[in-house]
């Protein structure tokens, strides 16, 4: 019975050309392949960077504990080669930390202003400005740090050198504010209006609504925004290369120069001849960075996913 | 007796209301100050860049080649090099990105495998640009034997900017209402036919926005091309549109800004500023285009 | 109506896809055309890579040579002397530029890899100048003092230890400005001033000679080193005495040629085997009067062209 019904149905349906079916299958195959391309690329990045880093583990001069926790970075020394990246890691952390101290309050404040105090027109234009802010290339930021910001810092603080931790922190703060604003604005938008209305009905002030209602209920989204801002700041290269002064040391204050992991790779990769220990160790630094940003992004993603599930 | 509330005091604010309004306005001022203090310095900085760039900015500056040890002249080879890198990386990233987004939005079910894909996209977007540079160097320059070339640099840029296209294309696809697809399936169309006839036409502007954003991102990147195919200097004729071959290295605007700002001695004062302004303007111009397209799209939405 | 609209839109998307494809093809065709055109006129590309000290001269040569021989394109990359030589011994470039002599093991590698000997062309001389801010009262310094400032374990960290007070500055700390490791300049300084010992960490390691001079001109308490060609009016070159008590001499052209100046060095181009064809013509041109004039305009000392450079 079923068979006959099927065959009659088949006969009444217009037959599709074999070619078009084949084309469609081919296209779907391409689509599926492209779909998994992101995984392939992430794995490829890890694989190729790790492949170039691997030989360093067999080098006599290398010791993983020293690599992570020693502050001595002498990759080309003729008497005593030392690959300690702790000062660089610390540089990355301190610049990021400083940037976040500036960017988080301003980013969250701006997001709150945009989502709670603005009319629709104003909101739209502010969001466009934020988006344009996010589009400024990092090398232009670096140039701003090198020329404009360093002069301002020297004249305001009397620091001997204008390219320092503070400069890098300010530049990174300006760079990561847009991402913090746009993600926290999304998080605030996701708080149901009924919450606000309930608070208003109880006679709460705007300040109370923000402080007691919005921030607690959007806290995961805001946390994710901050994490993504951190991810952006840790991974930033050109701007910190040009703005932080590039000195291997543990900074004693915001006016000291530092060097970050990213800037170190950018400055030395062009100079390390392929196949040398120095070259391999730079790739290992890349792996370190990859792992740090991977962890930060993963956490942010889990936090955001947590909100969605809720 | 009949009206216990005095008509005068009836509309007078109580202390509570006064305090509440004061808090309201104070908090509004506080938050608007935060926005202002972020935007004003930025505008000031950009104005400063423009002010210093003015003496050099002209059409000549764009089409002329660098002269006198790059301390004078224009930026033509760098500008055209950036065009090369951007167009080739676009040609690679756009199809893969759009197809990947179609897969994620139209085909993928919500299972662990596709969650991993999502995670991979997010992480690809989060990989620092210098790690992309390491990857490009290891994979394309050495392993694939492309050498330092436009091809290596464009491939690196393409992979780096892929998440931009995937994310915005997905958003565009997701904004097409499910009912459209269901209607199409119900008349017997296959999945791909539905995508081609219904989903893509209704989301094309959103997809284009994503592609434009990729262009702006690719044009501004420095680190990934510095070690894969951008060169300090290459002799090129003035206004030559095809000065490079794909297996050669090229100059690039972002890299050029870095070199004139840090390496070249006795540069004319306004030259690095002008280079920065040209780079900034091209990127912002392209971005503004994407925004305009998006606004237009929203105003012409049919549903 | 809707179907019409969507077929219409479908066409428009196909059209735009087509447009992208056509642009791509046109673009590639254009490159192809470029290929053909170039093939017709037989353009030769010479790849030159290496020393950051020489990169600006090399650029100026390439720029001028385009007018002498329009069919020869010269690609110039920096990266450092070590990188240039490493690329040369691998056989991937035509000419390596270096601000140091090639090492014996590098010559062996070249022989092993390519079966050819490296050929050395001395194209000029440079004096590595030690720069301070123009307001710094210091006029001369000995090599030992420099080592005490820059070397690891060196004791001099304040200007007062040198008996110098810089007018108008409260901060006494010496701001050391160095180059990133493995630039030829860095290695030369390490070999001739620090006696192969390592640098003290915490110096600001700039990526270009120009950045060094620029930072010194903005920093009254700074000291740094760079090629003499980078001097500007706002910095001062110190006279250098080889040993304390011996007469100090300034980095001038004569002192460089007679090697009276302690930090004089020769600038080299290296090729694999005897250069032929375009490369030979290019190097001959560099060693001829116009090429040497460009070198001189860039602030270096021309090689003695009468003597065959070898």
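Letters are used for the chains, namely A, B and C, taken in the order the chains are written, and counting of residues starts over at 1 for each.
Keep this in mind: contacts are C-beta pairs under 8 Å (C-beta built on N, C-alpha and C of every residue); 3 or more make two chains touch, one makes a residue touch a chain.
What you are looking at is a predicted structure, and each value in this text was computed from that prediction instead of being measured.
The interface holding more C-beta pairs in contact, when A-B is weighed against B-C, is A-B. When you average the Cα atoms of each chain and compare centres, the chain farthest from subunit B turns out to be C. Taking the mean of the C-alpha atoms as each chain's centre, subunit B and subunit C sit 33 Å apart.
Subunit B has its Cα centroid 15 Å from the Cα centroid of subunit A.
Residues of subunit C in contact with at least two other chains: 78, 206-207. Shown for subunit B are the residues in touch with two or more other chains, namely 262.
The multi-chain contact residues of subunit A, meaning those touching 2 or more other chains, are 270, 274.
The residues of subunit C lying in touch with subunit A in their complex are 78-80, 82-83, 86-87, 169-171, 173, 175, 180-183, 186-187, 190, 196-198, 201-207, 215, 218-222.
Residue ranges of subunit B in contact with subunit C, taken from their complex: 65-70, 87-88, 90-91, 94, 147-148, 196-198, 200-202, 204, 208, 231-235, 237, 241-246, 248-249, 259, 262-266.
Remark: subunit A residues 71-80, 87, 150-151, 154, 158, 160-163, 241, 245-249, 257, 259, 267-268, 270-274, 276, 278 touch subunit C in the complex.
Those residues of subunit C that touch subunit B in the complex are listed here as 6-10, 12-13, 16, 20, 23-24, 27, 30-31, 33-35, 38, 45, 52, 55-60, 62-63, 65-66, 73-78, 92, 206-211, 213, 229-230, 232, 298-299.
Residue ranges on subunit A touching subunit B, taken from their complex, read 13, 24, 27-28, 30-39, 41-42, 44-45, 48-49, 51-52, 105-106, 109-110, 112-114, 116-117, 126, 128-129, 131-133, 135-140, 142-144, 146-148, 174, 177, 203, 205-208, 210, 228, 231, 234-238, 242, 262, 265-266, 269-270, 274, 282-283, 286, 289-290, 293-294, 296-298, 301.
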